[in-house]
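Below are the structure tokens for one structure; questions will follow.
First chain written, first letter: the chains are A, B, C and D, and each begins at residue 1.
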Amino acid sequence: MTSVQLHYFALLREQRGLSSEVLATSATDAAALYAELSARHGFTLPIDRVRVAINGEFAPWNTPLLEGAELVFIPPVAGG
Amino acid sequence: MTSVQLHYFALLREQRGLSSEVLATSATDAAALYAELSARHGFTLPIDRVRVAINGEFAPWNTPLLEGAELVFIPPVAGG
Amino acid sequence: MTFRISTTPLDPPTLARDLLDLRAGAYVEFQGWVRNHNEDQAVQALEYEAYVALAEKEGARILAEVATRHAILGAACVHRTGLLQLGELAVWVGVTAAHRGAAFEACRAIIDETKARVPIWKKEHYTSGATGWINCATRGDFATPAAPQPQAGPG
Amino acid sequence: MTFRISTTPLDPPTLARDLLDLRAGAYVEFQGWVRNHNEDQAVQALEYEAYVALAEKEGARILAEVATRHAILGAACVHRTGLLQLGELAVWVGVTAAHRGAAFEACRAIIDETKARVPIWKKEHYTSGATGWINCATRGDFATPAAPQPQAGPG
């Protein structure tokens, strides 16, 4: 199990019902973690409409999860 | 002879040495009047770089001069 | 060249002052205002949320990229977060250049890239009482269609 | 939709206020500043002169034309005359639209057409002591080359 820190924004924050959490997961990469959380919390955004940031930078979905990493799933942006 | 009112701006005002005058001319259109004044005052701008306004509107160079008309020769503009 | 997220109202004259430059002949400014409609729906307010650390990092990258592509002298962008009322200023972009062509093109590029890449989200509150996160609809029911997804990774 | 010549300094926030519109999502502004150089010459001040009656008439035509070609909600332009120092605001254009594309394009078109068609003249005062009416050089010695001549007759 890997322990990671998660922050949620916008639609994902509302669907998760909280802004951050620390989670122990058996997922080995960011994509698997998003799939796990989608199944558990009913996220409506398919993974191909979401990006992931790890430790404050955009990262590929297949980035392995390291102990203590900080992840943010980024829903489609809409500034302006 | 036709009596017209002239206003000068920018380079033409400086080359004429005044801002307005009333002039009696034998020129029959605006182009002929510009040629007459160029010869008299040494205007450096050739007619193809100048436009003419008559009674407050841009007008073709071959517009006949009518008694009392107000003419402005328009040097190349440079707003902004 | 600063890109900033602000939780307080933006004052364009104050923001523009930092861009004063005697070499500049052109200044172009963009302001995004909260308008009273989107598509066919009447809007009452907008709520903006940002992932501030990454938004400011990605925004700074946008300004740097634009500065390499256009002959500009200065550029800045500030984006509001929080609940905004109709007519309020949501985003401000200012650009200076010796000549106007570069200033217009850079200003346009900065707001386009900001909307496409910077992690900021917008929830519309409609007069009907409904709300919607823009670009997040998954059944095409109320919000605007998703913009094309930007490429993953910085730059 | 007003086009105005002003003999006194321009204040952008005051000018922008007239364009406030709850239907507008985008506001684009252009400011032309007196810069400290032109081509390779150091500039000390600029002197603007206008044929006011025709300038305001032609300017109003430009705004009307642009409004028919772009989906804008409002537009205004004010141009200074007189002697302006470095950094001073010579011309201001503001445009509102529901969407930013139209606002950017219309703002650009207004300043482009204004520079090409409106009877306003600019004399540069160089730090060398020389002066020159822009676009009026006939021997290509010091001023910028003439812009292409606009068509005769109202637009």
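The definition used in the following text is that a contact is a pair of C-beta atoms (placed from the backbone, for glycine too) under 8 Å apart; a residue touches a chain by one contact, two chains touch by 3 or more.
Computed from a predicted structure; not experimentally measured.
Comparing mean CA positions across the assembly, the chain most remote from chain C is B.
One finds 24 Å separating the Cα centroids of chain B and chain D. Look at where the CA atoms of chain A average out and do the same for chain D: the two points lie 50 Å apart. In this assembly, the C-alpha centroid of chain A lies 74 Å from the C-alpha centroid of chain B. Along chain D, residues 32, 100, 111 each make contact with two or more other chains.
In chain B, the residues touching two or more other chains are 80. Interface note: chains touch in the pairs A-C, B-D, C-D. Partner chain A is touched in their complex by these residues of chain C: 32, 48-51, 53-55, 57-58, 79, 90-91, 111, 114-123, 133-136, 138, 146-147, 149-150, 152-154. Residues of chain C that touch chain D in their complex: 12-13, 16, 20, 22-37, 86-87, 98, 100, 103-104, 107-108, 111. Here chain B touches chain D in the complex through residues 7, 9-11, 13-14, 44-46, 48-49, 51, 53, 56-61, 72, 74-80, going by the rule given at the top.
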